[in-house]
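Letters A, B, C, D and E mark the chains as written, and numbering starts fresh at 1 in each.
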Amino acid sequence: MNAILTKALYTLISLFVITNYGLLLGGTMARVRAKVQGRIGQPVWQPYLDILKNNFKRTGIYHGVMFYLGPVFRLAGGLGTYLFIPAVYGSAVFSNFSFSGDLLLVMYFIFFGQLGMALGAGQSGHPYSPLGVSRGLAQMTAFEVPFALAVIAVASQHQTLSITELVAAQQGGILNWVAFTNPLAMIAGMISFLGMTMGNPFSVVIAPQEIPIGPPTEMQSSFLGMLQTNRAIFQGAKLVLFMNLFFGGATNIVSMVVKTFLIYLYTVVVGASFPRFRTDQSIRFFLGVPTLIGIAAVVIQML
Amino acid sequence: MVDVKQNSQRSKFPPVDAVTGKSRYNLLSGKYLKIWQGPQHPGITGNMSLELTVCGDEVIECKTHVGYLHRGFEKLMERRKYIQCFPLVCRICVPEPDFNEYLFAAGAEELAGIEVPEKALWYRTLTLEMARLASFLMWIGGQAGAFGMATIGQWTVTMRDYVLDLFEELSGGRIYHMYIIPGGVRSDLPAGYARRVEDTLVMIEKVLKDIDLAMMHNAVFKKRAVGLGVITPGMVDEYGITGPNARGSGIRRDIRKDLPYLVYDQLDFDIITEEGGDAYARTRVRMRETAQSIDLIRQMLRKMPAEGPFFRKLPNVLHWKVPTGQTYVQAECTRGEYGFFMVSDGTELPRRIYVRGPSYTHAVTLMERLAVHVNIADTAGLMVSLHTYPPEIER
Amino acid sequence: MSLKDIVAPFSVWKRAFEKPYTNRKPLDTRPGAPRYRGFHINAVDTCIGCGTCEEICQNEAIDLVPVKETRHGDSGLRPKIDYGRCCWCALCVDICPTGSLGMSNEYIWIDDDPEVFRFIPGYDEKSWNHAELGYRRAEGYDLLEGQRVGMPMLSFEESRKSFVEMVQGFSAEQAKAEADRCIACGICVATCPAHMKVPEYIKAIRDDNMAEGLKIVYNANPLPASCGRVCSHSCEYVCAVKHKGEALSIRWLKRYIIDQIYLGDYQKILDEGEPDNGKRVAVIGSGPGGLSAAYYLRLLGYQVTVYDANERAGGMLRYGIPEYRLPYDQVDKDIEYIRSLGVDIRQNTRIGADVDFEVVYRDHDALFFSTGLTDPYGLDIAGEDLPGVLSGLGMLDDVTEGRKPDLGASVVVVGGGNVAMDAARTSRRYNAEVTILYRRREEDMPADDEEIHEAQGEGCLLITQAIPLRIEKGDTTRLKLFWGRAEMVSDGPGRRPKPVLIEGSEEVIACDTVIPAIGQAADYSFLPEETAARLTFKRGYVEVNEFHQTAEEKIFAGGDIANPKRDAISAIANGHSAAKGIDIYLRLLQKERATF
Amino acid sequence: MNSISAAASAGTGSGSGTGTETGTGTGLSGERFPVRERFPVWKDKFSLVSSMIQRQDLAFVQVPMQTTVAFITHLRDLEGYAHLVFFTAIDYIEDGIFRLTYMLHNYRRHHDLGVQVDIPREDAGMESIHHLWPHGATYQRELKEMYGIDFPGSPGVDESFVLEGWHDIPPMRREFDTKEYSEKTYYPRPGRVTYDPTEYMKEKLYPSEAETW
Amino acid sequence: MSDMQDMEKTESEEQIARIAAEMRLANDGLSDQDKAYFCDARPQAVEPYRGIMEKFANWARSQSLWILGFGTGCGAIELRPLMTSRFDMYRYGIQPRPTPRQSSVFVIGGYASVKTVKRIVRSYEQMQGPKFVLGLGSCTVNGGMYWDSYNTINRIDYYIPVDVYITGCMPRPEALLAGFNRLKQMIREGRCEGMNTYAENFDWYKANQKQIIKDWNMPDYNW
């Protein structure tokens, strides 16, 4: 009983930390992005203000039950993703609900939020929303392929589907990281990570210039606030996941921060340099070179 | 923004099949979706809208709607004296108002038989080229932004702002310069102006070089732009296409060379053309013309006469009667042929002033033709690649 | 897709290591450019409220609202700008004739109340009122023409040889060009004693519509041919365009209209007036005042008889002004038209001598007299009675009547008014050496500037601050005039300084003739005593009300004897207003009779 | 002389308005394209009403309504005037006509030719040129909306182009007073008073005289 | 003054009542299929929170202003520099947003033609309260240079409530920044209750809107 309570408390702490970390990281990255654009950029704490503002909206409209549930599903997806990834290896507080086979669950949760969101957006009735949803799901299906291949490669490399064990296997020096032991899987994974974070060049789903702004077109007020909170958690979860998969995880908070920051920075560096693909182009892209790399990675592991 | 009720009542779009009398695309079939892109839409240049029928991600019908910025300039000018039209005309095109000022002044001067001092001609050319530079800079940002490359947009709009600073110093206004007045220009260049222009040009050149690297040699940009919205040379006359849009298809047309006005015959430059006729070719034309514009400004600063009047006294503008007559004056603006057709009936008020903006054909007829069978994500990029400004369509 | 296409885009990150473009404190560090067209400023004291800014504003953003006291040449109105309309084109600044309007380089004005964006620049307290920088009209760029169209004139060499009219009049192009300078503000209208609608007839010239112009002119002035030449043109002193350089030649433009139309065509153009209403009005004196009254009374249907003591009508216009300024045929043109309307002008009929005042008084329903100032002032110095001392007016009279005055070889004219100038220049035309002595400074001279300028041009020597002391018989010449230098002594604030003789300074001029022309007084001797007793006088002037009615209700008076301006146009205005007054008076009378 | 013949005479010099006399434009020497030589040909074929040369690169010709489209087609196909620069109308309300102006450009010779045709204002209508240039239809849509000139057969000509829900007379017609319409429809902010200097000075400086003047 | 009479006429109680009576709500006359697109309740005024809570909420609102990316007139051109590096409004917590649902500030970019007013009204109504309107340029105050145009309105405050006006043509980006600062200050002071003003005077606003939009083929209220 006591153990459960402690676990719950740890979970809450972990969630609290990752939420704030996600928000601050988002704010920081906005500043980095601003830097390349030759400007100063928004304050680091701007995401907090935006969320506060959205939650303080006096009115809000909803388009049916599913519209309510969309953000909830999304949040559930974000939370689910995070809660099954050990954020800091060996830490009692940040190890979350890691168990053997959690990698599969995590992959499922990454999908889950999107699907829930798709249902909610579809209910909103705005034509841009289903357009965005169809683009988002199509693109997601595409980037899942190299991602899944990369995961398969990694999993077969270390013969485990537990993230904790994956991390454990990568301990003991930088050369033990999957990034070095299985670079092809890393490359495939990191390319699909670009699609997963929906930064350029794979941002067509939420592109303001094309269909403003895709699925969340009708989302407002606290719905949007919830989505933003979730985005921070989800972002954090994904970063931690990739850190765990390819970059040896983290044994303490500091190394987690450094590593996730660099991984995030990588997406920003690519994002600021490229325009975005159309959906069909990005699907073709993911099913092309990254998939081949992924297959190669798997094949190499199989050999 | 979809508006079912409004559409069902008002628009006959998509068009009805002549044979069956039914809509070619049955929206209720669920196969097609009608969406409005604009007027409240970041992917639209200015305030206009596209009514799109899409099938999946593919546009199968496009109809442009204009008139959101209609102010009735031509009507207003019919009840204003010539000098009172002068502040009005520059508003017809916001990003590049100087062409309106120049053409209005040139038309009025031609009708009234007024010769402009030589220095004014140089100053006018200088402002026109600076306006071209500013407009192109903003366009480059727009084109990059339409494909999602916000970084370039941030740079170029900033660079444009430095050009606006120059305008502000010269004329006292950032956006609406109201500098070219019938009879000449309104003021001399400030002291040390040429140097500040040069400084700005150097800065812009550096950024342009960066942009060339980052945008024109960008795999993703190429992928998006190459083959998008192809204008074949045969379409050019058919659709009345002018300017960089025509030059992007390899047609050598430039009013600055064909019908030289102001001091363009004393400047050294070539018509820039590219083959391909797609968005990428048009982008290349404009990138090169931006550089050309910088070169022209440098040439002018070098060759410009230092002494002499810049304004020739007009008859009292409060009751200036322009003799009866009609004329059409045109100039090459960033988007193509810009023209003023002016008819005077000998009174203080113009009888008719018609403004011919290049966007008129580019944004309506041409866009409706080119947008068919493109991906919906590309409509914004296509629209921008035609470089249209709605105010000159509806005026 | 080459490798370069994938690698090159990352070059954007160079920018991340450079200084951002961002201006950290844009609100503090970026004032408007020195020429920025920001919010308006106005030097309210320089501004004259002409409304040209309102006229040119295509947005109708400018209202004129009363702010200051109305004076001649300043309407007291000031522009109030509606920033809900303004487009900052600065055309108002460009056209402002006084140059009072400008723009500051301030540009931030934010409010939640839309009603506040209207203000009177320079008058309302605004932070930018004293801004140094901002848009001003550039040197070398001007929407208004400050230079007059040159009037073709005889050269001084030629002009001093004869009595041929010196000013030759505009050609059509010149007149149009000059008329084109008008900004139609209407400030001149208030200044003109007759309140002629100046902008309207100038517009008629621009439109080449002389008939319309003539009508407008005759509405307020029945002696335009004369007035177009010799009017004292107070309008030109307040002309808004004057602030740009030179005032419009309003007088010459009026003359231009008249010159274009033959007398014979007048009747086709002008209104013939009301039919005869059977009432009779007498006018004494055929000067501008009398003729003007006669004309307007005639238009109102009265039967008018003008009594004049001289051989020919015109009064001072004919007798006081030499022919080179106002040719007699032009006076005749005006008078002929008035006569042709049925006004009976009786020449050589001196009231009191040829016809009795009582008779005139009895036979007419009302009476208007404007007999003018006919008694020249003396110099009040010793030797004034010597032969060779002629009065200015007397001499001009003689010339008009065709008698050659006996001037000798050198003439000294004393005085600084128009009569003095006329006397001097007339003498010059008789080949005399002319010296003009004036007590005050040149800028104090009451004569028109042109007259002084032309007199000097024709070779008259002007000595200012000179006080005549005595006249003696000369040795070689007929006379010797002794005079002393004067210094200007302040006479208290707001009053013009007066000349005071510098004791001991004495100089002498040898001359043949001395012509004092220092003013005239009225001669009321024709009035019977009991009538004179019923009228009131003040410092030599007849006291009248605004309709120029004297204390005796049937008698009206005007012209030089009733107004201190003593010029033709005021006399004309007096005549006009007296005609109205007489009309009102007689109609009221009729009404009273009808009711009783 | 009405305004049209005035305009014509300003161009043709003689004002006869029937011949093909060419007036004095500016810069006739060194003419780019001797368009003057084409006038007699056009007159024979398309009964040109009048012509004028405004500049070396700009001329205006007037043709009767019946031959207009044939003339334009001829110009486009055979004379190289392949570019329709614009197409618009001028309202001469006092003469009861609209003057349509088709501005054509010849890229080979770099010459602009304004083809003008007068059509009656009553029941204004004109043959369509949408089959010659696709954007002709757009111009015609605008003319229909702004002037009420009908172009039967032109695609979408009845659809509104710029205005939406316009119920008044077509706004570009001269009899439509935009200021009056604006004032009665759009509530200008009240509270503005202005004084005319002349009238105001009259009231202040000579009120009694002003009353009777 | 005839304008005054016109205005009084519009504001008269009867007229408003008449127009209110004629007012159809969004779903009237629509097919069942289409009905779901519209929410047809009238806008309701919402009481602000009390005391420190509202102060805090207002502070948060003022620090995160999301502009609706709708360039209604030429004023939009000066928003570009503001959004980009030179003036960088992001650092003040201001950013553009492509959909009205998520935006809180509507910048009326100068003049508004009748056709645009229709879209302005709809966009404004789609925004979620509290929402703020910034009138940019003199055109929004009293018609600006298009005061006599048959197609542009003269006063935007007749159709939607406006919080702050920035005069100028064009106002410089700095003026816009100052306008935003003023707006922030007013929001913090709790003076920007445009959404409640709109709800409370809904009939008046609708009457005005209907007077100029002659083909009222839009739902009377749609949010």
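By our rule, a residue touches a chain if its C-beta (ideal position, glycine included) is under 8 Å from a C-beta of that chain, and two chains touch if they have at least 3 such contacts.
Only a predicted model underlies this, so the values are computations on that prediction, with no experimental measurement involved.
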Both-way neighbours, i.e. chains that touch subunit C and touch subunit A: B, E
Shared chain contacts [subunit D and subunit E, defined touch]: B, C
Centroid comparison with subunit A (C-alpha atoms), farthest chain: C
Identifier of the chain whose CA centre is least distant from the whole-structure CA centre: B
Distance between the centres, which are taken as Cα means, of subunit D and subunit A, whole angstrom: 63
Subunit B and subunit D, separation of their C-alpha mean positions in angstrom: 24
For subunit A paired with subunit B, centre-to-centre distance based on mean C-alpha positions, whole Å: 43
Centre distance in Å when subunit B and subunit C are each reduced to the mean of their C-alpha atoms: 55
Subunit A residues counted as touching two or more neighbouring chains: 34, 36-40, 208, 212, 272-274
Subunit D residues counted as touching two or more neighbouring chains: 162-164, 171, 176, 178-179, 189
Multi-chain contact sites of subunit C, meaning residues that touch two or more partners: 9, 12, 15, 20-22, 32, 58, 82, 84, 87-88, 114
Chain-chain contacts as defined at top: A-B, A-C, A-E, B-C, B-D, B-E, C-D, C-E, D-E
Subunit A - residues contacting subunit E, complex: 30, 34, 37-43, 46, 49-50, 52-54, 56-61, 63, 125, 208, 212-213, 216-221, 224
Touching residues on subunit D, where the partner in the complex is subunit C: 189, 191-198, 200-202, 204-206, 208-210, 212-213
Subunit C-touching residues of subunit E, taken from the complex the two chains share: 85-88, 91, 135, 138, 140-145, 147-148, 155, 157, 162-169, 171-175, 177-179, 181-182, 186, 191
Complex contact set, residues of subunit B against subunit E: 1-6, 8-10, 39-42, 46-47, 67-72, 75-76, 79, 87-88, 91, 94-95, 138, 141, 153-155, 157-158, 160-161, 164, 173-176, 391
Residues of subunit B defined as touching subunit A within the complex: 2, 33-35, 41-43, 54, 56-57, 144-151, 154-155, 158, 214, 218-221, 223-224, 375-380
